[in-house]
Amino acid sequence: MSIAFYLIAALTVAGGLAAVLLKNTVHCALALTVAFAGLALFFLQLDAQFAGFAQILVYIGAVAILVVFAILLTRGSETPKDGVFSKNWFVGLVIAAGVFAVLGWAVLQSGHVLPHETAVPVVTVLQIGNALMGRYVLPLEIVALLLTAAMIGAVIVALHEKESAK
Amino acid sequence: MTPLSGYLIVAALLFSIGLAGALTRRNAILVLIGIELMLNAANLNLIAFWRYGPHPEALTGMMFAIFSIAVAAAEAAVGLGLVISIHRHAHTTDLDRMNRMKG
Amino acid sequence: MLGEGILKGLAETAKNFAGSFVSAERLTTVQYPEQRIAPIEATRDFPFLVYDGADWEAGMRCVACQICEKECPPKCIYIVKSADKKPDAVGKPQFYPSRFDIDISVCMSCQICVEVCPFEAIKMDTEYELSTTDRFGGLLLDRKQLAKSDEYYHRIHPTEAYEVDARLAQGKAKADAKNTAAATAPAVRNAESPARPAEGGA
Amino acid sequence: MIYTMDQIFVLLQHWLMGMLPAALQPIAGILLGVAAIVCLFPALFALTTVFERKGLARIQNRIGPNRVGPLGILQPVADGIKSLTKEDIVPLSADAAVHFLAPLVLVVAVFMGFAVLPMGRNMVLVDMDAGLLFFFAMGASTELAVFMAGWSSRNKYSLLGAMRAVAQMISYEVPLLMSSVAVVMIAGSLSLTKIVEAQNHYTWGLPHWYIFTPWGLAGFLMYAIATTAETNRSPFDLPEGESELVAGYHTEYSGFKFALFFLGEYLAMFSISGLGTTLFLGGWSAPFSFLGWVPSWFWFFSKMMLSIFVFIWMRGTLPRLRQDQLMNFAWKFVLPLTLVNLMVTVLWRFLGEGWQRWVFCSAILVLAYAAMGLAGMRRGHFGPRRYRYAE
């Protein structure tokens, strides 16, 4: 548990909290980006360079941008008059707190079986590439198919209705 | 507290924050943001278990995380496409007001 | 072929780039404070007041009729008519502007004042170095700053100035003829009437 | 002697580090490298602005700035003093925090990219195994800064400019990555130092740069197009098209913050030119084997500045595109060609040595280019445009 861990944890949790609590939707999206960046730093701290950079590239470079585009396209940056939280927000909060209690309890209870500091694994991009093209080639193909399907699906869903009616 | 449990606690906290956001916010986009947070918390778990697991050289957890990132990108694209399409149809992104099955 | 136009364009600009180093006549600009291009005859920027003779106050053609003040679209002219009269170029007693200001920060160089002036008193200048350090008073030109001699006008717009001279001479000749006619036959009121059609025809 | 000249900066760093206690040496080494980058590239930026203005002037048969200092070389000093002493205006309705953060995020993200560029033999700040991925991850983060700038200004021109910029950067990021992936496939590494090493061989005194292969040339051209769009340079400078959008996403920025945006734009240009140099032009390797005695950093920087000159040349030549033309060009022309180029790269890898692969690969690329071009021209996407009022 280094100082860096606590700093990154504070940054990530603060970003996550801001992302769900702030009133302005665009601020929420920007806070979400902070949380994503914190997670990328976590990945780097866990010696998963490739995953960390992929996280930045995909989440900050694409997903965050998609979110802000969606917010602006739906005029979501205007704060609604009747509050930003749902009518039954209390139930949601209780469920989330319950989930956290269960998860936290489980982690703390199993503390003694969890491994302590282990040797730093050395993972090169070459190994990841070999794994992707060898053992994980089927999942890779499926993900490729999924992404293509998602792209076509997103285009069709977002196409103007009048055009599709023609 | 072992290093691993620290990461697991943070991941659990993030997951709960995301869940709370997804359950309490009215705006559909913010619900998606909550879901993204939950997915990311799961990724953190995967990477942490890979790092402190018995066989990091097998790359299982890392691969899972990378695939999860790819799937999350697809999910975000389709989810936001749906939100935009619904907004065009119902002129709102407020989930409390989307209470009709019929357009 | 696609991309051909881009290559042609790149070749053209490369030619310009290299050419501007070797041949000075390619350069379209001059080094301003050291080198100046003389303004061409058709240049017009801001109005000035023409005077005849040596004394600007006495020779001022303006009679403070205030037509230009009324016609000016941005209302940058301010005129105060004098209380007394003084003889004009024709010798007829006329009012003169006791104050004539043009705010050249407001002036839009439309030349309408020149077109409406019946006395050929206001003309367009070619002077362009009008920068001052005071943006309020420095750009509000008064009578003295606006007054420029007829010789100056001849120098900057010679062709136009000779036309103006011809018109003025015609007007003066007519006025002289009228004056002499009035002087020779002061008793005969009818003597004026045959002159009328000629005046209208001119 | 040759070795000393080549490694002069590395030796200097080691000498400076040697004066510090051993515990501080690793962090001091990094800090020295960072300081060198943070000083060098803004200085280069200052020089480039005046060279750009002079170059554009020459292209238009003018002389350009020549008043401040000898030949106008001190012009950036005057510009810098002007922008530093200007009033820093924040619009009343702007989102002050985001408005403040946007230029900082942009400049920091752009600076990060330099960390993995090998600027000479042994001259790289961090030799990362996934260096290329890091570079593109940092490049992707700048988009968010642009959005923050445009959105927080609460100005329709800013927002329009930012949306254009983000849409354009996302669209052109795909061909940018695709054309770089071809290099990764041949070099077999994401590490930029390894990519340079892979090109640092000579046959008959000529280098094995990737630009001298069919797929490399095609990849380089598409990389150049994509980088021009990625850095918002003319002819893809719609985000700041001053004829319609005032100044795009930095309309509401003044003084030092505007200077930061300006700096960020040029730094992005440097870093992406440096990456292009590394990927296709052999990085710091000499163009002929007999020129091996010239220091490696000299080659890197001269190649980079040559790329900058081409940027300026294109800016002086080509008119600005329209938004739909820009998007059509990215998705319907550049992207398919990069995909074809990827296939060709695979062929190149597996056809083995010999003249056949040159013929095959070139033929496929030329055919694809001709087919795409002709199809595009027939459908009126490219080619001479006819306007109604001209008929």
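Labels A, B, C and D are assigned to the chains in the order they are written; within every chain, residues are numbered from 1.
As a convention for this text, a residue touches a chain if its C-beta (ideal position, glycine included) is under 8 Å from a C-beta of that chain, and two chains touch if they have at least 3 such contacts.
Computed from a predicted model, the values in this text were never measured in an experiment.
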Chain labels contacting chain A and also chain B: none
Two chains joined by the most C-beta pairs in contact, as defined above: A-B
Between chain A and chain D, centroid-to-centroid distance (C-alpha), Å: 29
Separation of mean Cα positions, chain D and chain B [Å, integer]: 34
Centroid distance [mean C-alpha coordinates] between chain C and chain B, Å: 76
Averaged-CA centre spacing for the pair chain C and chain A, given as whole angstrom: 73
Multi-chain contact sites of chain A, meaning residues that touch two or more partners: 50, 54, 62, 69
For chain B, residues that touch 2 or more chains besides their own: none
Chain contact topology (line, ring, star, complete or other): line
Pairs of chains found to touch, sorted by chain label: A-B, A-D, C-D
Contacting residues of chain B [partner chain A, same complex]: 1-10, 12-27, 29-30, 32-34, 36-37, 40, 43-44, 47-48, 50-54, 56-57, 59, 62-63, 65-67, 69-78, 80-85, 87-89, 93-96
Chain C partner contacts - residues on chain D that touch it in the complex: 55, 58-63, 66, 313-314, 316-318, 369-370, 372-374, 376-377, 382-384
Residues of chain A defined as touching chain D within the complex: 26-27, 30, 33, 49-50, 53-54, 56-57, 60-62, 64-65, 68-69, 72, 77, 124-126
Partner chain D, residues of chain C touching it in the complex: 1-3, 5-6, 9-10, 12-14, 16-17, 19-21, 26-29, 31
Complex contacts: residues of chain A adjacent to chain B: 1, 5, 9, 12-13, 16-17, 19-20, 25, 28-29, 32, 35-36, 39, 42-43, 46-48, 50-51, 54-55, 58-59, 62-63, 66-67, 69-71, 73-76, 80, 83-87, 89, 91-93, 95-97, 99-100, 103-104, 107-108, 110-111, 114-118, 121, 123, 127-128, 131-132, 136, 139, 143, 146-147, 149-151, 153-155, 157-158, 160-161
